[in-house]
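Labels for the chains are A, B, C, D, E, F and G, by order of writing; each one numbers its residues from 1.
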Amino acid sequence: MIEEIIQIVVLLIIIVTAIMAVSFKDLLAAVISLAATSLLLSLEFYILQAPDVAIAEAGIGAALTTAIFILAIKGTVREEEI
Amino acid sequence: MMSKIVRTITNILYSSILIFGFYVIMHGHLTPGGGFQGGAVVASGIALVLIAYGYDTIKNWIKKSNLSILESIGAVSFIGVAFLGIGTTFFYNFLANSGSLFGNPTVIGINPGDLNTAGALPLMSWAVGLKVLAGLGSIVLLMAYGIKKGDGE
Amino acid sequence: MIETVIYIFLAIGVFFNGLGSFGLIRFPDVYTRLHASTKCTTFGSIFTSLGVIIYGVYYWHTESTSYGVLAIHAFIALLALVITNPTGAHAIARAAHKSGVYPKRAVVDKLKEKGDLSD
Amino acid sequence: MIETFFIVAIFLLIFMIFGVIRIVLGPTVPDRVVGLDTINTLVIAAMIILGAAYDEVIYVDVAIVYALLSFVGTLYIAKYLEGDLE
Amino acid sequence: MIGNLPFVACAVLIILGVYTLIFKRNLIKIVIGLNLVECGVNLFLITLGYKSDSIAPIYTMAGKEEMVLPTPQALTLTSIVIGLATTALILSFAILIYKHYKTIDASKVRRLRG
Amino acid sequence: MKNYIAFGALLVVSGFFLLSAINMHSFGSPSEEDMDRYFIENAQEEASTNNVVTSIVFDYRGFDTLGEATVLFTAVVGVSLLFRRLIK
Amino acid sequence: MKSALITAVAAFVLYLILTVGTGNILLWSSAEIIAGVLLSIAAGIFGRKLLFKNEDYRMLNPVRWLYFIAYLGPFLFAMAKANIDVAYRVITGRINPGIVKISPNLKTDLGITMLGNSITLTPGTLSVDIDEKANDLYIHWINVKHKEPEIEEICNGFPKWIRRIAE
């Protein structure tokens, strides 16, 4: 019962941040939302009893994905046109 | 080059991240962890140093050629360990329960674990760990390099 | 007895965490929000983790050693949190000031008066 | 005791929603980064609490990894905002 | 009470990713969509192997008998690293395209050709 | 016009996704697989590991990891070749 | 060479803390200790250029560690006061912010870092920027009383402690 409430809240936040990641025009804000998505996805893996995957998602989603996206935005432009 | 506070904290954290990544790789057969996770942790440490000091300073400390050598060592030793068990099958765990290096048998059931078990798995874990470490680290370094070079054109 | 202490610690932690998150909504600009989020959530997390650490240390004696390992690992996580959190706040504040977000309703702004710092 | 840990975790998760609101509303990018930072801290605290609640020692390793590394992403965004990322 | 909510969440993540892939023109936004699809697939694999009231497939001191299914976790592990590598490759292409054409709008890049 | 067709296709696809998500086996009770039970019961004896996931990644399904290593190597070589052109 | 050795020792201590409780008698099994030594040497070699970058070994003195532990007392007290202060401001919404400058006269990098992080965590102050040459701190103060504040007003006597610890 009580674990199900935790899962519902986490999944809700994941979906909200994913929608924000799609809908922001500012790519930097979109990347921040994507980082939040992968952060909470890692917590969801943790709750689903998969600590191996949670560590991998923590190391890769938290640090490296954000780093690579920021480097790519630096190499191109920040605003999405239209 | 970020501010002095960030740089000092980076100096302190970098060796901690290194030893913690090595711990995660080493204990892959006892606790959650293994080659992928530990390699990703150490690669994040490289990304941390890159952001704190800037590409120009770091290129003298961490050479890309060293990283590619490390990656090749990882790939070759992974396939090599896999070939060593070819007497039975490819990827046969020839060291398990043999009594030599990593050869202690595990107590069946619930147990806290002994490091000296699991046969060829720690070796393969180290090979994959080196490979992921070097691969992801050099990806981050190469992208920083490409952005820097691109501005001059 | 020991359970009461743990309950009190967890309650203090939850209170300060909630306060920090609420200040995040209530305050008007970046710097004051950083005040709320950094101080209060760090303090609250210290207390919730201390609850776990006391739990681990207490059951280390009574039941098994694995609870001791729980306490030690929680302590290392807490240490990393306390080291990294103010540094991240400093980096955000510096970046915000450099990117042209100045404090609202400020009485004095010495940094803006000085102009760009050469580094 | 175990139920208390779960209840504390639920409270922490509810506080995360405030951080998400700040990410959604925040007028400037630094505001959004502050929201992300708050979520980071709360997730680490929740991981430690849940590790005790599930009665599994090894789960706390995930919290250590997160506490060490979540700060790297923040630093990258901050450096981009400073404007001299190279 | 919870029903099949985790599976629905996976479906929503994948649909959001596909929507981004179809309707957005910015290359980096497309990569973000691809990342969302990857997140959804990983979450689906883990959810598929979850068994309620059981522990992670690691033998520790804790005393429960039941374990969640280990094979989906092993597959997800490789999937995450591969996802990062392909993301880096696509983003490098995006940087090069911007250097060459001075735009990362997919439709404009197609029109320039050369 | 083309947008409407794409939107219709997206609607159809998302309908399929959502329907199949609702009609999956109920959350928390997967269908019992012989393979998984074999791995859980025999991993400690055959590979002498405590962590079943690691024994699957590096031992039982080592070929998957080999393929992953190949993909990672290809990606690194690809990035490296792409940025090599910039120096010239 | 010396810096690599000291980094390796620090890494080994951290490794021992991480793997405590694996053995029966000495708390560590022999395999753990051998692996720890090897891995710490590797970490020392790879991390030698960062931890003791300035060839500054004054933190190896145990007296400074004792001072550091003693410093935690006033620090935690100030931190609790900070949180009650912020709680008051969150509830009433009464703020009077501004950015002021202080010159604490600390010379080492570690000292200025400790001061910056400490005042980020204590009453109503947040370090925004740092002058790299003069080691001056620019501080966002949530309740400005004077435009040219004294050091004592902001840092609660932290510089004295830090001068004992890190200089």
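Heads up, the rule we're going with is that a contact is a pair of C-beta atoms (placed from the backbone, for glycine too) under 8 Å apart; a residue touches a chain by one contact, two chains touch by 3 or more.
Predicted, not measured: the structure shown is a model, and the values here were computed from it.
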item	value
Higher-contact pair (C-beta pairs counted), C-D versus B-G	C-D
Greatest separation from chain F - chain, by CA centre	G
Furthest chain, CA centroid comparison against chain A	G
Rounded Å distance, chain B centre to chain F centre (Cα mean)	21
For chain C paired with chain G, centre-to-centre distance based on mean C-alpha positions, whole Å	15
Geometric centre distance via CA averages, chain E-chain A, whole Å	10
Residues of chain G whose C-beta touches two or more other chains	18, 21, 116-117, 127, 129, 132
Where chain A touches two or more other chains at once, by residue number	31, 49, 51-52, 54-56, 59-60, 62-64, 67-68, 71-75
Multi-partner residues of chain C (at least 2 other chains)	20, 22, 34, 38, 42, 66, 69, 73, 76, 80, 83-84, 87, 89-91, 94, 119
Footprint of chain F on chain B - complex, ascending	28-36, 68, 71, 74-75, 78-79, 82, 90-91, 93, 96-97, 104-106, 108-109, 111, 113, 117-121, 124-125, 128, 131-132, 135, 138-139, 142-143, 145-146, 149-150, 153
Residues of chain F that touch chain E when the two form their complex	3, 6, 10, 13-14, 17-18, 20-22, 24, 26-30, 33, 35-36, 39-40, 44, 50-53, 56-57, 61, 64-65, 67-68, 71-72, 75-76, 78-79, 82-83, 85-86
Of all residues in chain B, those that touch chain C in their complex	1-3, 5-6, 9, 12-13, 16, 112
Partner chain E, residues of chain A touching it in the complex	1, 4, 7-8, 11, 14-15, 18-19, 21-22, 27, 30-31, 34, 37-38, 41, 44-45, 48-53, 56-57, 60-61, 64-65, 68-69, 71-73, 75-77, 80-82
Residue ranges of chain G in contact with chain B within the complex	7, 10-11, 14-15, 18-19, 21-22, 29, 31-32, 35, 39-40, 42-44, 46-47, 49-51, 53, 109-110, 112-113, 116-117, 127, 129-130, 132
